[in-house]
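Right, one structure below, let's go through it.
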Amino acid sequence: MGLRSYVITRIILTIPTLLLLLTAVFLVMRVLPGDPAALHFEKKGDPADVERLRQILGMDKPLWQQYINYIGGLVDIGYLRQHGYPNLGKSMYQTSEEVGGQVFSAFPATLELAIYATIIASVLGIMLGVASSKSYGKTPDHLIRNFGTITYAIPVFFLGLIFQLIFGVYLGWLPTGQRISNVAPPTTITGLYTIDSILQGNIIAFVESVRALLLPSLTLGIVLSGVFLRLTRANMLETLRLEFVTAARARGLQESTVTYGYALRNAFLPVLTMMGLQFAMLLGGAVLTETTFSWPGLGKYMVDRINFRDYTAIQGAVVMFGLFVTLVSLTVDVLCAYLDPRIRL
Amino acid sequence: MLETIILSDVLLLERVQKLSEIVRVENLKKYFPVQKSVLEQLLSRKKSYVKAVDNLTFSIRKKEIFTLAGESGCGKTTTGRVLLRLTEPTSGGIYFKGEDITRLKGERLRLLRRKMQVIFQDPYASLNPRMRVGDAIGHPLEIHGLARQEEKTKAVLEVLAKVGLTPPEQFIDLYPLHLSGGQRQRVALARSIILKPEFMVADEPVSMIDVSLRTTIIDLLLSFRNELGLTYLFVTHDLAVAKYISDRIAIMYLGKIVEIGTKQEIFSTPMHPYTQALLSAIPVPDPERKRKAMELKGEVPSAINVPTGCRFHPRCPFAEKKCITEEAELLPVTPTHSVACHQK
Amino acid sequence: MPLLKIDSLDVEYRTNRGRIRAVEDVSFSLEKGEVLGLAGESGSGKSTLGLSIIRLVPSPGVIVRGSIEIDGTDIVKLPEDKMRLLRGGKVAYIFQDPMTSLNPVKKVGAHFVEMMQTHEPDLEKKVAIERTEKILKDLRIPSERIDDYPHQFSGGMRQRIMIGLAIALNPDLVIADEPTTALDVIVQAKILDLLASLRDRYGMGLILISHDLSIILERCDKIIVMYGGSMVEYAPNAELHKNPIHPYTQALLQSIPNIELSEQKLSAIPGSPPNMLNPPKGCSFGPRCPYAKEQCRMKPSLIDVGNDHFVRCFATGESAEVE
Amino acid sequence: MRKKTTKTPGSFSAPKTSGSTKTPRSFLARIIPGLTSLTRRGPSGWMVTLGIAIVLGLVVMTAVSPFVVPHDPILYHGPLRSPPSLEFPMGTTDLGQDMLSRVMMGGLIMLQVAALSVFICFLIGVPLGLFSSYVGGNFDKTVSLVIDAVYAFPGLVLAIAIAAVLGSGVINMAISIAVVYIPSYYRIVRSQVLSIKELTYVEAARSIGAKWHTVLYRYIFPNVVPSIVTVLTVNFADAVLTAAGLTFIGLGVSVDVPDWGYDLTNGRKLLTSGAWWVITFPGIMIILLALGFTFIGEGLSELLNPKLER
């Protein structure tokens, strides 16, 4: 099977997955609670208020019709063109607000955090994983493994709080919240402050946004590096035992070539695949990190709306998270296929 | 020994053939559909198949050791599995003592399993690692409700002794983990003879056993033929072992039998070019003998795209026009010896 | 000076569950152009011995005693960077499973170029490619397949590529560790013929490791029979075949079927190979030996019985008489 | 068909029968051979032992704490926000509650939620995985598709959504966590069954005429157990961390019960004042609990996974 047909297949296969995911979200948010509108008022609201809310949100219609409206809104290209974001319905909390718009404006913050955390986690995880596997059974291996185990057991928000306490409160080196402080944020191009500030040549905004990013992305990155480390280590150990590694050594190749060109190069594919799956875990951690650092991303938006019992907003955020994960796993799979010559038959 | 001599008496065999036949296979086919991706399924309706077993016909006589030999991928193992109904045949008939067993289901198939047994290649994989030796060997009795408790234990001890694991009491509580490869293969043997089967498929039973232990396993197989009247379908890639153990041998190539005959016929007068090449390639443990292997072109083609005509023609040094277009049928050259080759 | 000279070599695996003496008191030598066969069953230590010669015994394996001299240099003490250049340069190794011995994500040609440039840093890539093409052509692999990936080749072809890699830098010694075990007979014969013709052409020393005594007897000049980590018998091929002295060798020879013989009675060796974590005291074959005596509870040493024939058995003369 | 002979130096035949193998073994020891002699099995054995010790210690502490704590964790009000001292070894909260007492008692909800959610996961995930993989066909395909979709979804986000809808309470928290982790059980059981199903000894069971439920029960299931045990312990750690996360966000149980997660939320507000003790001690307890389970899980998977054994 050629690479192109693989990519096409993979994209086609994404459609049922997405549909399934959207349906699941619908079931959880609309069907499970029975009547989300009544729940919004904690079942104590004035029946007239509840009814009005139902009408505004279209919840007075039968479920199947709500379902069609929900899916239809998402694929409404006209709406997307007009607003720049998909139709995710209106917020329960403030019925004049479009959830789609809010979710889309919160998303870049989450994306930026996720990107830097992923970079930190993979660099740290892969480096330590390789080092650990190379010293299998010896002291460095034990130390690195214990580091991995401990990071796995640390609640991400606890690490965040400790970082805030040390670097923010006691040392006062770094800000403990917001995406940027002291200066105005750069004009939005991509929505990622570090990129936007560079594009505009705004050095001060760049430095400030990096300072703000440092603690949250380190927190998330370190916690996740434990998982990446374990994946890398396990796959490296398995690959290092394969005959082609010994054969490479028997040809007199340098140990670094053997480690990176042979072992890691082959161990990397399964690691990358697993990293794609672990991205979901990273996003879960991002919700907590955002809450800890008052990072105005999708996760914080969702947590804030929980307090207002704004179920349509929560639903919108969950859908957005789902789309994001699906997109990432698609990208990772295609990347893996591209890197693996065995798929290019 | 006497038995072997009688059995090898070709003429006598001819006469009693119909009476003594235990397994007959007619036009047996097993095609495995090739796995396709979703996209490929959408784009084309044409299915392709791995033709693992392609139109086999042969019969095995009572108390005979009949060998299917060939290189990896020739379909010999699949044939054995289809015969036991561990894999469903695509088409064709399998007759066990005259009864067509290809359609048997449920309880009747389970009853058949008592009569037909199997011994696998890999002794490290054929035993459940979490089952004690005694339980594993006694389990067939339990399944078929043939013996309980003490009776079962007695039967287990008996077969353990029979396969040479003595004293049997010491083995009954062990897990496979505690046994060597040779010992495991004996346990597997014990499990398959405890039901007193009439027919056994031995699928490369010694190829993963250390050389020094092979003979003991082969001797056990031979002794069961005499003691229990077992008939074997012996599947092997090792023609030297085949020569030692078999009465008759069929050589397979790409899912088909290319030559079939008694052991003497196959080894002293091989007719098919493939058989000849195969025999010439076998190493001989004798420094004095310097033989020259027959040159064959290329390698075995894939069983998905089987060559036209005689499937051996692309590699055959004697191939002619006819071989490219016409399939060669398996035709007798003597009453017991048949070859599928246009040149004969 | 012999090409390879091994003297009283001991190799151990230091596992959690105890020490395993995988190779014990092995001594032999090999000249250029000679083919030495290492025969033995699984666990006999033959592969460990092979890997010791290039000092690649997998961890936790350690060479604990003895010397391995290649052209007079003891490689046991050689610094790692010098040892590394010896591998693939002077000594080449061919592995059992051609399906897994090539890097799946690297083109076949790149394997060659990388190796040549490692050993000859000044070599231009263009020249390396030319040399690779020539080697492939010699092995009857179309040179346009130089940019194919390993999975695009059959098992036999891959083993030929491995052989090509082994001879790429004209080594003096090639160690082939079960080079045909994963292959079918017809391909096996072709590979063994190829190795023989290369030996004739380049005159390197060849060590053929195999569990299949038939191959060893057919292809080698000298034979070492290994059992339980030690060499039990060491003799020129014809001598070993005609006059096997060690009871294990005798039994082994009688347990391999020969298709050229019309009537053959194979005999079995009773018992099981030794458990190396808990090896028998004294002679490792003792528990299975029909001639074992009280004396065999001690370790026999390698005894020269003449005609370049060595046996590790107390009953050197006697067992032949019992026969 | 020929297989290559495995050739791992150092892997020799297993030790011959010793007296100990014949003595009847307890059920647990039958499942995990060698659990009885853990520490003799190298670092992995030590890890398991240490993990068990930590978890047992915390469980015992939680169980006896109501009788031994120096102060009532909720009602007692001492000096406000006092740093650790002799009288209050872990300091006090902004309401003057004794942190030591709160830390000692604060594991109850987390342990309950974790245990309950693991129980639910086990009860649904394992049978579903066994059945689905053994039956195969369209049923298996459908269930797998659904499960994979859930698995690919950010677990915590899903748990938050469900918990937000269901409301607070131990059972609701456990359910929302269970939904997230059922896929892990299902997937591991399914992949194990699928690979074991192809093994020769299952084929051998069929060839002696065993019925499908006998095959599943006697041949497949016992070999899946080690993986289930591993997932179960690791899942305990995940459940603890997820429960802590939910509480941190404000989806936990009421404020009337001391809880480590709640103290962290509370401590976050006091962070700027430098009251490190309010977050540090409960945080360490959560880490310890999760670490204990992770140790058990990691150690077991090393012990039970012969692949990595050299």
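In order of appearance the chains are A, B, C and D, and numbering begins at 1 in each one.
One rule holds in what follows: a residue touches a chain if its C-beta (ideal position, glycine included) is under 8 Å from a C-beta of that chain, and two chains touch if they have at least 3 such contacts.
Just so we're clear, the structure is a prediction, and the values are computed from it rather than from any experiment.
Peer 1: Spell out the chains that contact chain A while also contacting chain B.
Peer 2: Looking at chain B and chain A together, the chains touching each of them are C, D.
Peer 1: Measuring from the mean of all protein Cα atoms shown, which chain centre lies nearest?
Peer 2: D
Peer 1: Count the C-beta pairs in contact for A-D and for B-C, then report the pair with the higher count.
Peer 2: A-D is joined by more C-beta pairs in contact.
Peer 1: Which chain's mean C-alpha position is the greatest distance from chain C's?
Peer 2: A
Peer 1: Could you state the distance in Å from the CA-based centre of chain A to that of chain D?
Peer 2: The computed centroid separation for chain A versus chain D comes out at 24 Å.
Peer 1: Where the CA atoms of chain B average out and where those of chain C average out, how many Å apart are those spots?
Peer 2: Comparing mean C-alpha positions, chain C is 32 Å from chain B.
Peer 1: Measuring centre to centre with CA averages, how many angstrom lie between chain B and chain D?
Peer 2: 48
Peer 1: Any chance you could list the residues of chain D touching two or more other chains?
Peer 2: 2, 5, 13-16, 310
Peer 1: Residue numbers in chain A touching 2 or more other chains?
Peer 2: Correct list: 136-137.
Peer 1: Quick check: what residues of chain C touch more than one other chain, meaning two or more?
Peer 2: Counting only residues that touch two or more other chains, chain C contributes 42, 58-60, 96-97, 184, 211, 272-273.
Peer 1: Spell out the part of chain A that touches chain C in their complex, as residue ranges.
Peer 2: 136-137, 242-244, 246-255, 257, 261-262, 265-266, 339-342
Peer 1: In their complex, what parts of chain B are in touch with chain D?
Peer 2: Going by the criterion above, the answer is residues 72-73, 76-77, 84, 86, 109-111, 113-114, 117-118, 120-122, 125-131, 139-140, 143-144, 170, 173-175, 177-181, 188, 191-192, 195, 204, 207-208, 237.
Peer 1: Which bits of chain C are touching chain B when the two form their complex?
Peer 2: Checking each residue of chain C against chain B gives 41-42, 154, 156-157, 184-190, 192-193, 211-215, 217-219, 237-238, 241, 248, 251-253, 255-260, 264, 266-270, 272-273.
Peer 1: Where on chain A does chain D make contact in their complex?
Peer 2: The touching residues are 16-17, 20-21, 24-25, 28-29, 32-33, 36, 39, 136-137, 142, 149-150, 152-158, 161-162, 164-165, 169-170, 176, 234, 237-238, 277, 280-281, 283-285, 287-288, 291-292, 299, 302-303, 306-307, 309, 311, 314-315, 317-318, 321-322, 325-326, 329.
Peer 1: How about chain D: which of its residues touch chain A in the complex?
Peer 2: Touch residues, chain D against chain A: 43, 145-146, 148-158, 160-162, 164-166, 237, 241, 244-245, 248-251, 264, 267-268, 271-272, 274, 276, 279-280, 283, 286-287, 290-291, 294-295, 298, 307-308, 310.
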